[in-house]
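Here come two complexes built around subunit A, the first alongside subunit B, the second alongside subunit C.
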Partner chain A sequence: MKNRKTSVFDGLVGDNTVLSSLMVISPVIMCGTDISNAIALIYAFSAITFFSVILGSFVPKKLPYAAKIIIYAVIASLVYIPVRTAAGMFFPEVIGRVGIYFPLLAVNSLIIVQSETKFYRMKRLPMIASLVFYILGFDAVMLITAFIRELLGSGTINGRVVDADTIISGLGMPFGGFIFLGLFCGLYRAVRSAVRREENEGGGDSDVHGN
Partner chain B sequence: MFMVIEFVVLLSSNLILMQALGTSTLFIAAGNKKNLLWTAITITIFTTLGSGAAYFIKNLLPSGIADLTLLFYVLIIGIIYVLLLAALYFAGGETFKKARKYVHLSAYNCAVMGTVITVAGRAETMPEYNHFMSFVSAGAEAGSGFILAAFILTAAYRKLNSSKVPAAFRGFPAMLIYLGLISMAVYALR
Partner chain C sequence: MQTKIKSERFIWIDIMITLLTLELMEYFYYGIRSVVLGCVCVGASLAAELISLRLMKRKFTADDLTCVSDALIIALMLPAAFDYKIAAIACVFAVVAAKNVFGGRLNMIFSPAAAAYVFIYTSWKSLLLMYPEPHTHTGIFEKAGSLVSSASHSFNINGKLSISDFELLMGNFCGPPGAVSVLLLSVAAIVLLFRRSISAGAFIGTVSATALLAYIVPAGVTKAGSVKYSIVMNMVLFAAIYIIADRRVAPKRGYFAFFYGFFLAAFAYIYTLTSAKENSIVLISLVFTPAALGFKNLEKHIENIRAEEAASELLQAQENADDTVTEEAAADEE
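Then we have the complex of A and B:
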């Protein structure tokens, strides 16, 4: 039971979509510069990925790999249309700022690659739970990155000026995104291995490892 | 001097260093020089052919159904994907077995889709670029940018994965920081 729970929550912590699997990193690097961008991208990524993966699960498994990949991409680009229309109403100014990274969410690797190698090998209910946590994994990283980069890069939080002593304007640039994500990724891996080490030391006797 | 200027242009419009497109594919392929070279070549084929096809979609698609543009881009990349696999299949069983993974890896890559969307967007804002050869050359340029970024990463790959780098930062985190530093240097050249 413990093992099953762990695998469902993996996308959020243990095998985070962005920090561990390095999927969907370009919107985080390029657009994770302020909270308003992050909220628009979180909405679009969550909606497109959730509905595309769910709809894609009805595609016959026996089709050739390439045919399935093309169908998943077509489904995602169809789901993108209403998501884009709604985004135009709720986040009109963000859409322009985000540019190509908005439509690119429709061909993200969670839909194109991970669905075939991970999600569609699971039963539907655990698949939906796992998918939700993978999506939340991206959402959390996007929000944290945007919060820190906006605070340190512009001295604001969601557009409101705060009393920040030091402004590192480079954090708002693409290179700042690369460096920040690299540091975040390293920190995540250090914390994760420390937690796992502690778990192994603390629960070594009681844990049952099936493998 | 001409070569230097061209090199700087290629760097400053680089889709990995300036737009972070295809970064994760680059990291995955970087472990093996042969993989990296073939991935970069396949991506270049996709960006070039895809951009050429995007010219027709951009100019033939009625403005009333502009919302379907992404769907058409996806379909056109899908057609190129199938054609490339078919070409490899007819080239011979061994070639097909060896090379198909690069086609699978590259087809719906962010670098490919991002290039197609960027090239079409540029022609929208700057009509002087709205001709077939401009689309094709922009696609080829984006692909060569990927190859260039691949070489830059390969140069430091072994050191970034060595035991001298702290375990938590070894591999992907170190590569991200390294690309960030190269990106910063390129930014200064613009």
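Then we have the complex of A and C:
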């Protein structure tokens, strides 16, 4: 029971899409510069990935791998159309700023790679739960990155000016995004390995006590 | 190994001596604030190095003091009245993001000082490229009254300068305080070249490419003036000594280092000529990082091939010697 829970929640922290697997990093680096961009991308990523993976799970498993990948991409592209139309109404300014990274979300690694290697090997209900947490994992990283980069790079929070003493505008540039994400990944991995080491030590002790 | 360790430390001492001399000259022109700026940079770098090495579970050794020389290089490239906080952030960036993230002192990809400079250039360009005039002494916590553009900026825009050769040698003009004292920089270059503390190939390559291009495609009104100012302005001489010819980054072999410096300087000259961007050689040095890495990989490849060839020759010689002994023994038996 404990293992099953861990596997479902993995996508949020333990096996985070961005920080652990380094997937879908380009929108985070290029567009995760402020919260308004982040919210638009979170909406698009969540909607496209959720519906594409669920619809893709109905594709027969007997089909060749190459054909399945093409079908997943076609499904994602079809899901992209209404998502893009709605985004045009809700986030008209952001769509222009995000540019090519918005349509690129339709062929993100979570749909193309993880669906086949992870999600479609699970039963439907656990798959949906796991998918939701993987999506939330991406959303959390996107939001945290955008918040910090906007605060330090522009001295604003969601467009509102704050009393920031020193503004590091380089953080809003792609190179700043690379460096920030690199440091964020390093911190995440250090914390994760420390927690796992502690868990292993705890497990070892309990075994010893059990014996 | 012991010799290698010693030589690394001697290189650091040589570089530190020349940097301290430049810092002294900066004190003469800009007063105590420039010295405090240097101290802030050194303090921030040392603290960042100590903390990051502790996080990496490594011990702080004398070799890790190279962060101090990097901090001084950064301080010398900044205006004398520069914000302490930004300077400290840049030094932390140099140590953590540009050096230790890539594995530290032994796995350096690019000069930490150059990375820090580009970091400041992208974030606080307006503060970085405005300088107090020489002999303007500012208090430790005061801000400079009037700031002006550098002589490099004027040269890039107009192609001419009204600075006498004496002032040029003494560094009595606006610009990054460490990079304007031409006489001291020349002496430092000669000393470091003779002490083999910098890569001679990279230094000569950088200076010769700049001089050659400045003569062929003059940036100034006259060819002589173009050559003179192109080497002195835009931190070319300073970068050639402390960034491009840095032994930790430049290729080891002389001719590889020469071409590395040559192409880097040629590209930087063309970029400056076409875009009038100030101090572009520091920016280009980061862009040329893959070239340095490529040269280093090539050097390793050549060394491996030579070692294999030497080993096979030795084996062949041993086999020949064995054959000769067998033949001689057979002849004796007959």
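Here, the second predicted complex is superposed on the first by the 203 of 211 C-alpha atoms of A that agree within 3 Å, B and C clash if a C-alpha of one lies under 4 Å from a C-alpha of the other, contacts with A are read in each partner's own complex, and residues count from 1 in each chain.
Note that a contact is a pair of C-beta atoms (placed from the backbone, for glycine too) under 8 Å apart; a residue touches a chain by one contact, two chains touch by 3 or more.
Predicted, not measured: the structure shown is a model, and the values here were computed from it.
Look at A:G170: by the touch rule set out above, it reaches both subunit B and subunit C. Of the two partner chains placed by the overlay, only subunit B lies in contact with A:Y80; subunit C stays clear of it.
When the two complexes are overlaid on their common chain A, residue A:I157 makes contact with neither subunit B nor subunit C.
Using the contact criterion defined above for the overlaid structures, shared-chain residue A:I70 touches subunit B, although it does not reach subunit C.
With both complexes placed on chain A, subunit A has more residues touched by B than by the other of subunit B and subunit C. In the superposed pair of complexes, A:L183 makes contact with subunit B and with subunit C alike. In the three-chain superposition model, subunit A touches both subunit B and subunit C at residues 170, 173, 175-176, 179, 182-183, 186, 190.
The touching residues of subunit B, when paired with subunit A in their complex, are 17-24, 27, 67-68, 70-71, 73-75, 77-78, 81-82, 85, 104, 107-108, 110, 113-114, 117-118, 121, 166-169, 172-181, 183-184, 187. Taken together, the subunit C residues at the contact with subunit A in this complex read 55, 83, 85-86, 89, 96-97, 101, 119, 122-124.
Within the complex formed with subunit B, the residues of subunit A that make contact are 22-23, 25-26, 29-30, 65-66, 69-70, 73-74, 76-78, 80-81, 84-85, 99-100, 103-104, 106-109, 112, 170, 173-183, 185-187, 189-190, 193. Those residues of subunit A whose C-beta lies close enough to touch subunit C in the complex are 165-171, 173, 175-176, 179, 182-183, 186, 190.
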